[in-house]
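Chains: A, B, C and D, in written order; residue numbering restarts at 1 for each.
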Amino acid sequence: MTDERRPTKRACVPALEEILHNPLPVLDRGFVRVVDYMGDDAAIVQAARVSYGRGTKQVQQDRGLIRYLLRRRHTSPFEMCEIKLHVKLPMFVARQWIRHRTANVNEYSARYSILDREFYLPDTRQLAVQSSTNRQGRGACLSDDQATEVQARMAAGSAYAYRDYLWLLNDDTGEAGESDPDRPGLARELARMVLPVSAYTQWYWKVDLHNLLRFLSLRADPHAQYEIRAYADVLMDLVRRWVPMTLEAFEDYCLGAVSFSRQGLAVLRRLLDGEAVTQETSGLTPREWRELTDSLGREF
Amino acid sequence: MTDERRPTKRACVPALEEILHNPLPVLDRGFVRVVDYMGDDAAIVQAARVSYGRGTKQVQQDRGLIRYLLRRRHTSPFEMCEIKLHVKLPMFVARQWIRHRTANVNEYSARYSILDREFYLPDTRQLAVQSSTNRQGRGACLSDDQATEVQARMAAGSAYAYRDYLWLLNDDTGEAGESDPDRPGLARELARMVLPVSAYTQWYWKVDLHNLLRFLSLRADPHAQYEIRAYADVLMDLVRRWVPMTLEAFEDYCLGAVSFSRQGLAVLRRLLDGEAVTQETSGLTPREWRELTDSLGREF
Amino acid sequence: MTDERRPTKRACVPALEEILHNPLPVLDRGFVRVVDYMGDDAAIVQAARVSYGRGTKQVQQDRGLIRYLLRRRHTSPFEMCEIKLHVKLPMFVARQWIRHRTANVNEYSARYSILDREFYLPDTRQLAVQSSTNRQGRGACLSDDQATEVQARMAAGSAYAYRDYLWLLNDDTGEAGESDPDRPGLARELARMVLPVSAYTQWYWKVDLHNLLRFLSLRADPHAQYEIRAYADVLMDLVRRWVPMTLEAFEDYCLGAVSFSRQGLAVLRRLLDGEAVTQETSGLTPREWRELTDSLGREF
Amino acid sequence: MTDERRPTKRACVPALEEILHNPLPVLDRGFVRVVDYMGDDAAIVQAARVSYGRGTKQVQQDRGLIRYLLRRRHTSPFEMCEIKLHVKLPMFVARQWIRHRTANVNEYSARYSILDREFYLPDTRQLAVQSSTNRQGRGACLSDDQATEVQARMAAGSAYAYRDYLWLLNDDTGEAGESDPDRPGLARELARMVLPVSAYTQWYWKVDLHNLLRFLSLRADPHAQYEIRAYADVLMDLVRRWVPMTLEAFEDYCLGAVSFSRQGLAVLRRLLDGEAVTQETSGLTPREWRELTDSLGREF
């Protein structure tokens, strides 16, 4: 994979070519690297116009059409763009990521090869207590002292595990250095069992733009775990380089949008009529009421 | 979509670039046109090597690795290549084609736009009687006179249907020519109901190489209907241009391969031992016996 | 498939058992028939609690949990229910329906068998002109006279096509009645080409509840063509019998909900502050402004 | 989920009902438990007959039709059966398992809940050296002493990791026992990072029969890692109870079958002609030659 340039008749995106093949750092040792891509904003428009055929005589502006498609959830034209990434990520992040099924994956095989001594060690600013309001989230950060102690424990744990891993492998390739000739080496597929899920793995991941946006809408969300969000943030920047009109529409109609339920809509109408509505009179649960007032950015 | 060439750092396949954007004719009025592609033979190897990591020290030849992957049904590296096609095809072919679910589709909308006067009319050499041995196939060809009569009926039928279509639309755009101002035009989504499934439609179809090969293994097969096979044959040529090593392996290990059942294998061993086996003594059904002797190319 | 009852330890839904195997009529000759189902509202809760494990100590009410899951788009527990339907539907509806890829399908094969003389003929009240505001929809209904004339044309067209079909088949089974022994019968896979897309086909369709709800959110929508909406309405009733809590949540959080874009939300806040906002000062396009005021049910 | 029996009009499989809801042990602490199922052998036949319609006048025997469908890779009727399992499995097995994308999953969330002190500890008879011929497999077993030493290391490692996990959580629920009130507890989503991939997780997994058979053809294969094969073996028994005719056909046409490449087939014909073929004269690579002679069960 040299960086030589070759001529092509395919759609090209100079802003993405600029960083093609460059690893973009994520977390302490991870990265995202664009390996290949297909299509651009114009390719979405082109596919949509196949559907509309002669019907679209008046030249709609591309941006307007993209916004219309995204607003109306006409998702199939967005499937016409594809991107292939090389990602290095901790295993517990990989386990969340792989839940997105409509994608293609080739992962490094720990049955076949020896894993490097690479483990995710959270920055002290990311070490936080269990949230008391959200069973699935973090609360306040630890104090500096506490965070340092936690980090040290984590580092010691992964060092311990990797030492065991090498001992079990008893292999003289790679970092293992020297091996004990009087002892057999355990099969790789067994030895790797002792490694913690903070260990880094790598994969090629290929996905279409529609499914990538769904990934982002879930993983760039504040409810997602910080570590996968760090990847989503980098992906968001990539998408902005690749298909800027689509990303803008996505921010307006998905990320920045709010859905009001049938009941929430009724409350909204009463508010607009000037009625003083409270949670008690709203018909909403306390949680739903809080979500509604949060999204309106004010108290009632 | 001009044919201007732009520089890219992505994998390029000159043999495919050569015909990029050119409609390749299929049947009487159909075509297949490559709109875009991602990856090449080397991209498959590259993805496979991510999986094998440091494990593959000795430089395996690319061709050997591709053959190994295909033989062992390691399918995921083949998903790392993607192709986007623009296809014009009769609706009854589209209905078979769409059964391949792992693909992306944007079809011309007959709700939105008016369909052209384009219907598939089989060549007289393709007009054949119902097979008497295979409920799902064709037998002998019709005589010239019979075929001509059938063709004429078909042509008259689609002309009749299209005349109705235009009358119902009562639209003065396109071929409709003049419309009757005293009569309202029926909604397009209703008028199109009268068109036969021989009418041509068009779509963008995007698929990964692994799923394209599965499509070919089913649709380039003699059991597939001739009309979809005609498309499969063109696709096969495209794949040969695009990923020649993969296509060669596909022909050797899939298209040209034969699977012997547990029972068939037992018969094979007896034959190799010099035993004279007949259908009666084989333990196979007559149909299975015929399949076995056919694939061995001889009678026993 | 008798209606005998057998004992099972699986989840059972009496309201759905009541109509199990009964064809529910749709359009003039179509039907939907529940062949089998798996799971119920409780099965969704049960699967969600696997995810939450010991974390959910306080017994959340099932209904509350289902509403929470649906509101937050935690879709995977809804995939734990499955339904299998036998559907008879016009081919042009089947072509829209099949675009939902995450489902299992077995369709009647017109290569293998002869199609019955069954065509969809719209009720005169469904015959409407092309919409002038929505290229993809219907406008006002035709007058009675016009509708009767259109219906007659359609009926004549399908009769013509079916006569050709039988003539081409020249088969003495089924409705074909007598065949001409001096003439060969065309292969079924070729003869069927002359049939219009208003012809009825049938299939078994199996889908999980999450994907069924996505189907409904698109096909029970006023933008969907009337004919597929007729099926969606029947499916909606089936879902109500099957998983009533889920259907209620779906109506509140999906069907009856409205999404406000980032820009729409800003307008909403200004309105709640008492500002007089017009389309011109809103920053929205005329179409978006109309959608916003429509969903609020008032003019500004 | 009581074991009370309720009447249903759906297809029932008494042999599967017998073990419904019972955890079937796998490895040292894992299990597979059937939670629900849809369909049986007859349901496959029924779906296939929808496709064939009136075409299948002669009553084909169910077993014959199932064998025909499986032999010819007519896969869609097998998608008409569905099974839902509750599985407890080590995380490294879960990471292999999840690669089968066409399935529905709800996994225990370690962000939400605390994981139990449960780790897979291989039986000493399963501890083997790295294979020298297959980079992705095991060779000879360790001696008893070596195996005992390895096991002890593994047990100590998971005990170490779990102690850290509890210390980081500093939670007084579950096994943690007492917590230190002067120290905050780390968020669960962070603390779980220290656990090794031998830790057990659980999930609900729902899949159709066709995709389950594909899972089995890959995971019941000798090339699969022993630990996932142990699950595949239990699943195979379940499938035998559920759809015995299908499982028999699967064993005959998939598991017990062998595919001969175009080149292998040519060799076969020469052998049947009595020619003495060797690897050198065969045109096959040494590996392919070995695979061919292995599958024929003899040397040449």
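The rule we apply is simple: a contact is a pair of C-beta atoms (placed from the backbone, for glycine too) under 8 Å apart; a residue touches a chain by one contact, two chains touch by 3 or more.
Just so you know, these numbers come straight off a predicted model, no measurement behind them.
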Given chain A and chain C, the chains that contact each of them: B, D
When chain B is superposed on chain D by its C-alpha atoms, the rotation angle in degrees, nearest 5: 180
Chain B-chain D separation of Cα centroids, rounded to whole Å: 32
Chain B and chain C, separation of their C-alpha mean positions in angstrom: 29
Separation of chain C from chain D, taking each centre as the mean of its C-alpha atoms, in whole Å: 35
Chain C, residues touching no fewer than two other chains: 52, 55, 76, 99, 105, 109, 112-113, 135
List of chain C residues in touch with chain A within their complex: 52, 55, 64, 71-73, 76, 99, 135, 218, 223, 251-253, 255-265, 268-269, 271-272, 285, 288, 295-298
Chain A residues within the chain D interface of the complex: 90-92, 94-95, 98-99, 101-102, 105, 109, 111-113, 120, 122, 126-131, 135-140, 142, 146, 150, 153-154, 157-158, 160-161, 164, 167-169, 171, 183-190, 192-198, 225
Chain B residues touching chain A - in the complex, by the definition given at the top: 1, 3-12, 17, 20-21, 36-39, 43, 46-48, 50-55, 76-77, 79-80, 82, 84, 86, 104-109, 112-114, 173-174, 202-204, 206, 208
